[in-house]
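Once you scroll down, you'll see the structures, which are given as structure tokens.
Shared chain: chain A. Partners: chain B in the first complex, chain C in the second.
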Partner chain A sequence: MSGEVIVFLLLSSTAILGGILMLNLKKVIHMLLAVVLTFLSLAGLYVMLSAEFVAAVQILIYSGAVTIVMIFGIMLTKHQAKEEKNKNPLRTTLVGLGIVVFFVTIYLAIRNLYFGQEATALHVNNTEQIGIKIFSYYVIPFELVSIVLLVALMGAVVLAKGEEGDEK
Partner chain B sequence: MSSVPLQAYLIVALILFCIGLFGALTKRNTIIVLICIELMLNAVNLNLVAFSKFGASANITGQVFSLFTITIAAAEVAVGMAILIAFYRNKRTVNIDEMNTLKE
Partner chain C sequence: MEWLAERLAQAPGLENMLYFLAITLPLLSIILGFVTYAILAERKVIGYIQLRYGPNRVGGRFGLLQTVADVLKLLIKEDTRPKLADKPLYILAPIIAFVPSFAILVAIPITETLTFANMGVGLLYVIAVSGLSTIGMVTAGWASNNKYALMGGMRAVAQMISYEVPLIMSAVGVVLFAGSLNLTVIVEQQQFVPYILLQPIGFIVFFIAATAELNRTPFDLPEAESELIAGYHVEYSGFRWAMFMLSEYVYLFAMSALITVLFLGGWNPIIGLGFIPDVVWFALKFSIVVFVFMWIRATLPRLRADQLMEFGWKVLLPVAMFNIFFSAVLKELFF
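After this line comes the complex of A and B, so read on.
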């Protein structure tokens, strides 16, 4: 067993462990921290796939920004919130059953997937390659994404500000 | 030659997606549902990055796409949190099964 396999097993089991903890913990803030564990180990998996820039962005955006926004959301609403027992076991069973069917279907589809060659030059000047690709082939999507971000920013401010004369 | 095959990454992403889907459909707290959606988007990102290394015409495009996905996910979280806070201001609850004002 080579070192790469060991690192992969460690990172992927931490990622799945974070997800399972998220489903089973009681307090909302603990669930959020479990998901941060998943995000960090996914960043490690990105490094293994020679995507260093995406890994850095993952840590910055997900483990940083998204988590902080979520924590603000938790603290501004019910910060003592606990996930109470699910009162609808039938729905849980049905959803679980459906997801097992989905898992088996997709697993059978990807079990024998093989494309032959693999990219070997991705890790050489990774950020430079991404920059060249974005600014020479994907300029219009890039600008559209910036407009989406602007609209989301304004929409979030307008939605969260509330209506006039609503001060309590 | 990498010793970890493509299928391993795809299966990890599939398990994460299933966990996220299960949480999004069964949890009652809206914040947790948002987090589960983020988890599903992350699983898809892992697929994109894995295909950018092992895909049929493997090149850097997959990583560019995953950057776009991360951006959209960040915008989605901001808007979702704003909606959640506006809802909490009106109804003093974050339970998703009490979000039925449009039905009444």
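After this line comes the complex of A and C, so read on.
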């Protein structure tokens, strides 16, 4: 067993563990830390795929910014740890069935998937390659994304302002 | 460090693990030594600036063993925990705050040969991972179940995310000139002219934002003693508290090293003085940066919370943006 396999198993199991913990923990802030765990393990997986730029951005945006925004959201709202007992046997069975069907579908779909030749030069000047690709072949989609984000920002400002006006 | 890359490619085993331990432990002890004497130096420098002596009892005239004694005291102190604290998070928070601070040191090149990881995205890595400590602080504030701690934690978060933006933006100018995010390449590009001369605005913005990121006076609102007792770590004692202090000073080390690398030319000597070894040059520039941090701390009063936010978003960010624009024009015209 090579080191790569061990690292992969570790990272993927931590990612799954984070997800499971997030679903099962009771307090919101605990869930948030579980999500951070998942995000970090995903960043580790990106590093294994030679996508160091994506990994760094994953940590910067998801583990850093998004989580902090969620923390703010939680602190500004009510955060009582409530346990909702929902033991409907029919529902549990249906959900279980759905999971099994989903698993079988995905398993059959990816079992014979072939990705072609393994890329060998991805790690060479990774960031530079991304930059050249974006700014020589995908400039318009890139600019469109930035416009969408700008619109979202304006929308958020307008919404926040509107609520303030209602209170008055 | 080719032998290190060879080691990394080998199958994992006990021998390799011992190797990596043997590499990292010296770094950890250097860091601990730095922290010990940085705390003493800070108290001494602030003392002299404020016309006091600073510590001068333990360990000779200069109080050389003062920090050692303090750490010993912290180690044997009772580890208290509030009854209503969130126990797992209370224990986890100091660890979350400390681990990123040590993890970012791996990307910082000390000299050409003394580098741990020559990462292509070194600069981004340092800034991204250092942002993780914020989560540790807010966790500490929340887990302590104390209103002052919570307020300190929230202030820390608000401040860190506000000042991280100008911090990154002001470093973009350097990246533009160097044409790389790799810290080693950035240093090599400064062989003749350090970027502080080409990027004076960027340097000033970066320095201010770095002071804010380090939670040092005049930006020490998250732990303002006179307003919040001590902020997010008010309920902590003993060694858990020491972990927070440790991470703060490790960040001081990392940030000063980063400033040295980005703006002061890292290990590059002043032209004509190349006979002095690289490590000495790095240490010299690094010490100057650390001293300036202490100087600022000793002389400036604390900002108000609203001034802090206004200054970050309305002054630093536009200036940093202008700096990017200006650098791009400069680069197109002259380089």
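As a convention for this text, the second predicted complex is superposed on the first by the 147 of 168 C-alpha atoms of A that agree within 3 Å, B and C clash if a C-alpha of one lies under 4 Å from a C-alpha of the other, contacts with A are read in each partner's own complex, and residues count from 1 in each chain.
Here is the rule we go by: a residue touches a chain if its C-beta (ideal position, glycine included) is under 8 Å from a C-beta of that chain, and two chains touch if they have at least 3 such contacts.
All figures in this text were calculated on a predicted structure; none of them were measured in a lab.
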Chain B and chain C placed together on chain A: clash or fit? fit
| request: Go through the superposed model and pick first if A:L33 touches only chain B, second if only chain C, both, or neither. | output: second
**Which superposed partner A:I59 touches (first chain B, second chain C, both, neither)** = second
Could you tell me if A:T127 is touching chain B, chain C, both of them or neither one (first, second, both, neither)?
second
- Message: Quick check on the superposed pair: does A:I68 touch chain B, chain C, both, or neither? Answer first, second, both or neither.
- Response: second
Practice task
Check the residue A:I6 against both partner chains and state whether it touches chain B (first), chain C (second), both, or neither.
Solution key: second
Per residue count on chain A, the busier partner among chain B and chain C is B
### Message
Output check: A:V139 vs chain B and chain C. Expected answer is one of first, second, both, neither. What do you get?
### Response
neither
Min C-alpha distance chain B to chain C after superposition on A, in Å, is 12
Where chain B and chain C land on the same part of chain A: residues 2, 53, 57, 65, 72, 126
The chain A residues in contact with chain C across the complex are 1-3, 6, 27, 29-30, 33, 36, 52-53, 55-57, 59-60, 63-65, 67-68, 71-72, 75, 123, 125-128
Residue positions on chain B within touch of chain A in the complex are 1-12, 14-16, 18-23, 25-29, 31-32, 34-36, 38-39, 42, 45-46, 49-50, 52-56, 58-61, 63-64, 66-68, 70-79, 81-86, 88-89, 93-94
The answer for chain A against chain B in the complex is residues 2, 4-5, 8, 12, 15-16, 19-20, 22-23, 28, 31-32, 35, 38-39, 42, 45-46, 48-51, 53-54, 57-58, 61-62, 65-66, 69-70, 72-74, 76-78, 81, 83-84, 86, 91-92, 95-96, 99, 102-103, 106-107, 110-111, 113-119, 122, 126, 129-130, 133-134, 137-138, 141, 145, 148-149, 152-153, 155-160, 162, 166
Within their complex, chain C touches chain A through residues 8, 10-12, 86, 88-89, 92, 96, 119-121, 124-125, 127-129, 131-132, 134-135, 138-139, 142, 150, 154, 157, 160-161, 164, 180-181
